[in-house]
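First chain written, first letter: the chains are A, B and C, and each begins at residue 1.
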């Protein structure tokens, strides 16, 4: 067992502290939104997880391309790590989005372009995990996974566009004012600061988790290697 | 004709071929022997350009793999344990399809000749689905030699064939060899390859561990094979 | 390691004539011809797709009220869901045929570009999709007394099917190599095919309701854009799903 890198331990501690600090800032520093009161607080978590999750999927697609170019399995480990973490982040984003939607639009779910695309993205990466599960050979698994992240990554913006188009041609089902349908509200400067702080925190948390997960993948690989050696 | 240097093939963490060297001159008939799991099929798939080497150099008929694979494929025939044929097409249609893929200049005549050679001319209009295992294997060989390749690779061609079909197969193999074509064949059936090959290589744990021509076999092939594996 | 090389046999092979390199289009057509000829013989794939498609329509008939007033709005949805479901059957089968008897290796051994194999298989799948549509449309028209033979709708079916089989052939190629093959294809395919289905349903609906062309055009553009992007991507990555 190799020792955990110092920087990683540091990052882990920092993530915990930052998360607590974010909670404090969200609840104590940021002003209470006039119309929605405390429910609006979920917005900070929502926007951060959604953004970071999105970046994670981009990172996964980039790792996929890197794997196809180099055939180095370390990129595969990065790809899976990014997908898994982004999957959780996106799930949080969708749930918090629903919590946000209920009081503001009176429904848990709307077929808004971003919401729907997020759900489809989630499905794509669940399919990705199922695909990987069905393939034994690690090299082939990595190849197929990389191809699928690429296809998925490319289809997501097109999906978003198509749903946008659908929305503009057909009026939004719930909520008529389009600004409100987009979740807009007047943002106080302190709210903006809080949002950026939360965004920073979740980015750090993402990097920390990614590192942990990549390290775990590496260790699992080593265990496999040991097993193979003993078998021989 | 074939030159392989320090060939390594890894599947994920598993290393199947570990720095294998292998040379074949034009016109040789090399039998690659070895126990199950020694890497014979993997090795042959790399020579067939179906699998990419992880490391090392593979040059066949002047074409370097994997860069010049397309050029090589036109000069290479491969027979694997599976027939690689379409059950819903007739024998003739199968050959015609492959003749098109290989852009043969005069397919009709060539298909005729091959059907004669493998003894399937009377059944040419029958669906391959209705063929016995032995007939399918013969047609598979017909498919592999259709474009008159310079190098032919056979992966365990005798597997699953009865005595009669094996003899027929051997006759085709001899014909091919007599035409000066280079042949590499994997097998674990020593008695079958003994009268055919001009060289025996033993592949074990990802390396060629012994090699001999028929006249160098002091005892018989079986002793040589056992000795090689014991090393 | 000593290696004894027997002297090469006296019969040297005659010098081989230079071989023509397999033309790309020729190989594509050869594979298309092969798939169509085999299908004409067995009719396994088409009959399965067709029977399934008719069953889906039957089920829709009971599941949702295909009332005359609603037909022109619901029809495109029913049509495309049916085509998409039946399509996965065909895609799976068409790739399984190559995989099960090792035929894919036979194709890969041929001196043709890998993308020619992709385009050949894709065109064959496209033909099967269009054949199913060609039978589905008159049957549906007959059953529900609605005229589906409009040039606009036919164009949408062509564009939608093209995008569908472009991604579908690629993903089916991956799915058949997995342990969970038949189950996997729809799961892989449907989330990435959403834009095609959405655009195709909207555009078909537009043509059926005789909507102004400016309203349909963005959907047609979307379909064309998707087709172009994913044909290009599939062309580029097909190598990775067949090469070890």
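Basically, contacts are C-beta pairs under 8 Å (C-beta built on N, C-alpha and C of every residue); 3 or more make two chains touch, one makes a residue touch a chain.
Note that the structure is a prediction, hence the values are computed from the model and not measured.
The chain pair with more C-beta contacts between its two chains, of A-C and B-C, is B-C.
Among the other chains, the CA centroid farthest from that of subunit B is the one of A. Separating the CA-averaged centres of subunit A and subunit B is a span of 50 Å.
Separating the CA-averaged centres of subunit B and subunit C is a span of 34 Å. Residue positions of subunit A touching 2 or more other chains: 139.
For subunit C, residues that reach two or more other chains under the stated contact definition are 244. Shown for subunit B are the residues that touch two or more other chains, of which there are none.
Contact residues on subunit C toward subunit B in their complex (touch as defined above): 1-6, 8-9, 11-13, 16, 19-23, 26-27, 29-31, 33-34, 37-39, 41-42, 97, 101-103, 105-113, 243-244. Contact residues of subunit C toward subunit A in the complex are 167, 170-171, 174-175, 177-181, 184, 187-188, 190-195, 198-199, 202, 215, 218-219, 222, 225-226, 229-230, 233, 237, 240-241, 244. Interface residues of subunit B facing subunit C in the complex, by the touch rule stated above, are 21, 23, 25-28, 45, 48-52, 70-76, 78, 80, 82-89, 93, 97-98, 100-103, 105, 127, 143, 147-148, 150, 177-181, 198-199, 208, 210-213, 216. Chain contact summary for the complex, subunit B toward subunit A: residues 10-14. By the touch criterion stated above, subunit A contacts subunit C in their complex at residues 68, 120, 123-124, 127, 130-131, 133-136, 139-140, 143-144, 146-148, 150-152, 154-155, 158-159, 161-163, 165-166, 169.
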